[in-house]
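A, B, C and D label the chains in the order they appear, each numbered from 1.
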Amino acid sequence: MDILITGFEPFDGDTVNPSWEVAQALDGRVIGIGRVRACRLPVTFRDAPQRLAEALAQGRPELVIALGQASGRSEISIERVAVNLIDARIPDNAGDRPHDARVVALAPDAYFSTLPVKAMRDGLRAAGYPAGLSLTAGAFVCNQLFFELQHRLAGRGVRGGFIHLPALPEQAARAPGGLPSMGLAAQIDAIALAVAIAMGEVQVARGADEGAPTG
Amino acid sequence: MDILITGFEPFDGDTVNPSWEVAQALDGRVIGIGRVRACRLPVTFRDAPQRLAEALAQGRPELVIALGQASGRSEISIERVAVNLIDARIPDNAGDRPHDARVVALAPDAYFSTLPVKAMRDGLRAAGYPAGLSLTAGAFVCNQLFFELQHRLAGRGVRGGFIHLPALPEQAARAPGGLPSMGLAAQIDAIALAVAIAMGEVQVARGADEGAPTG
Amino acid sequence: MDILITGFEPFDGDTVNPSWEVAQALDGRVIGIGRVRACRLPVTFRDAPQRLAEALAQGRPELVIALGQASGRSEISIERVAVNLIDARIPDNAGDRPHDARVVALAPDAYFSTLPVKAMRDGLRAAGYPAGLSLTAGAFVCNQLFFELQHRLAGRGVRGGFIHLPALPEQAARAPGGLPSMGLAAQIDAIALAVAIAMGEVQVARGADEGAPTG
Amino acid sequence: MDILITGFEPFDGDTVNPSWEVAQALDGRVIGIGRVRACRLPVTFRDAPQRLAEALAQGRPELVIALGQASGRSEISIERVAVNLIDARIPDNAGDRPHDARVVALAPDAYFSTLPVKAMRDGLRAAGYPAGLSLTAGAFVCNQLFFELQHRLAGRGVRGGFIHLPALPEQAARAPGGLPSMGLAAQIDAIALAVAIAMGEVQVARGADEGAPTG
């Protein structure tokens, strides 16, 4: 079974993005009855949606989790809702800074995540990882990608959603005023666990008889 | 050479305290020309000073670093100044909650840390650890212990100071509203590095001819 | 012209709610070509929507602004989007604490505010009032009411939206750990200005020839 | 009786400083048996101490309260301790940015405020003003001035201290990421009340027989 995990390239002048570090580290890993396929996305409003579409078409994912970086948050932050809004506070990596635009012109105002967000949060916390739910993924490329993902998965019966990650310690070490952070190893382990929890629901939805032994 | 590192027992209903976890992990470790000796302190205004006095008397430390937990801080937080004030917001582990008292009746209003605080901060940051300086260690047992330490070391020519540590991830995972955290392994490595940096100054003060080979 | 402004009763054990204080103070005030009608709402998931429906039916509002309290925010916080989600962190004033429910079963996942949110923010800031946009009104009664409002106004061509207000100074004075606040007079003036700015768009939509002299 | 209240000129590129606005507004006001004399101080390490010395010499103050601005704080913030440390994060108004210097070479490491800080905090809160105690006035010109003040008053039996004020709403309205604020009228009233509370202690110290009728 195909599990797609996307991460972003660095942006805003930074040299690293925890979302791609985590996705890359999980690439090829077998979780439950699935195998992770990682995809690196540009932080550009123009190209990120197309790159996502290609990644979706390159396999038949039954679970898609998009990752992004949220500087300032201290927890693994599981997003609940993507909004049909682009309103950039800073330029993206192509220098674009669109304001007050819709992500998809003829689409609803928002989509909810179809991940088991509370089971994921509770499972992470029980395992000792700081985790929480969030009601906004912002209005930058992260939210755009999240909205595109939910729009494309809607009606297909494929579960998907978005998780924001804290800064890495090396990023916080460079931040003059301080910044919460989480080590890369912990982020990788936490996302692997989150995927496993989400996979549980995917397997339940498929029916017990189809369930292969978990790895 | 004797390096004393103190850590506190858990308090405020918690089951773990990163300061003792870190001190314990470093116990016996050779850093530069010194060897770490760890001491566990009670979180009680009544007993912490006496326990510190005993720990100081049990060896001949040339460097003393007291560690404490500062929930809510995201960085390794190197304290600059201890104030001669006790004013507890919560009860200590003996149930005492003294207000507006001096730590030592006939002592100055404050002592500065004698650690190389900026070299430690800069060295930690350069190595990728989030670190910062702090101008207040509060008015609870941490500040009391810090003040007692500086009071006892003053005039002895022994360098000492206090470092506050972020919560551990497992503590943040239990905090309803979220809490910045830092993994234990990173905290241990960061404090080992901070000790090494401080030891450099101790060795300089001793003079190059006395310096033994570093481990 | 009828301008409806709603405010909430106190909740969570408090004795005052800035949203009702502001709405009440503006009741009957003439702003542009309109006159404000204030309505006090209960902080209960069960009754707030019905009370809103009655208030809408009691006149023919051409502009509706719902107000609520957001403890912890320091600005006049203009909400951009209402989500079709109820997930209470604390009980409402009837003791109910529903989880993971939709506000309206057969409605979209979200509605955007139809207020001129950026013109309002910019106008408030230019006049010296701290103001900002928000992408989440939470998942408590405020968001429920906001969603109900947008659902009822959708297709009617009536502009509406939601504004969160900071705590009042007297509330902050009782908060042990401190809380940002804004004085009541400033809150009243700021919301009167925000209404005037929104009215400008209502009048433009109506056509210049219909515009009555402003008061 | 002479009450000296100092405030600072604007700094860091700003055009207003609440501390001088408040001091100026209280200039000449009779509080208890005293009359306020306001003094405007430059935000320069070089000149602020000398200006303070002159202001102290120009009268015979029996109470001195220095005011300063603390952007980011939401409360009237009554400082408890001044430290003998200058370490500027930004340049002062003369372009100087000294690091790791003592305020007064041959002075103690710190002085406590001699104001009745808890009575002031409690009185402000009871009157509905957000107020709190602070254990650090930073290491910029505010702390320098506070330290100079306590150093000069020590041994004279004159009570003095420092209070940090939140930003004004107009300053918060210009801050891109938001900033807690407090209206000027509330700040003036709060400081007048704080002075009255402090005067109570001054009068007690003088003895009841000396007490003149209050204004």
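Rule of thumb we're sticking to: a contact is a pair of C-beta atoms (placed from the backbone, for glycine too) under 8 Å apart; a residue touches a chain by one contact, two chains touch by 3 or more.
Computed from a prediction, not measured in an experiment: that's the story for all the values here.
Within the list C-D, B-D or A-C, A-B finds its counterpart interface, over half of the contact pairs alike by residue number, in C-D. Taking the mean of C-alpha positions as each chain's centre, the chain lying farthest from the centre of chain C is B.
For the pair chain B and chain C, the distance between C-alpha centroids works out to 49 Å. Averaging Cα coordinates per chain places chain B and chain D 32 Å apart.
For chain A, no residue reaches two or more other chains under the stated contact definition.
Of all possible chain pairs, those that touch are A-B, A-C, B-D, C-D.
Looking at the complex, you find that chain C touches chain D at residues 74-75, 124-132, 169-170, 172-175, 178-183, 185-186. Considering their complex, residues 80-81, 83, 85, 100, 108-112, 118, 135-136, 138-139 of chain D touch chain B.
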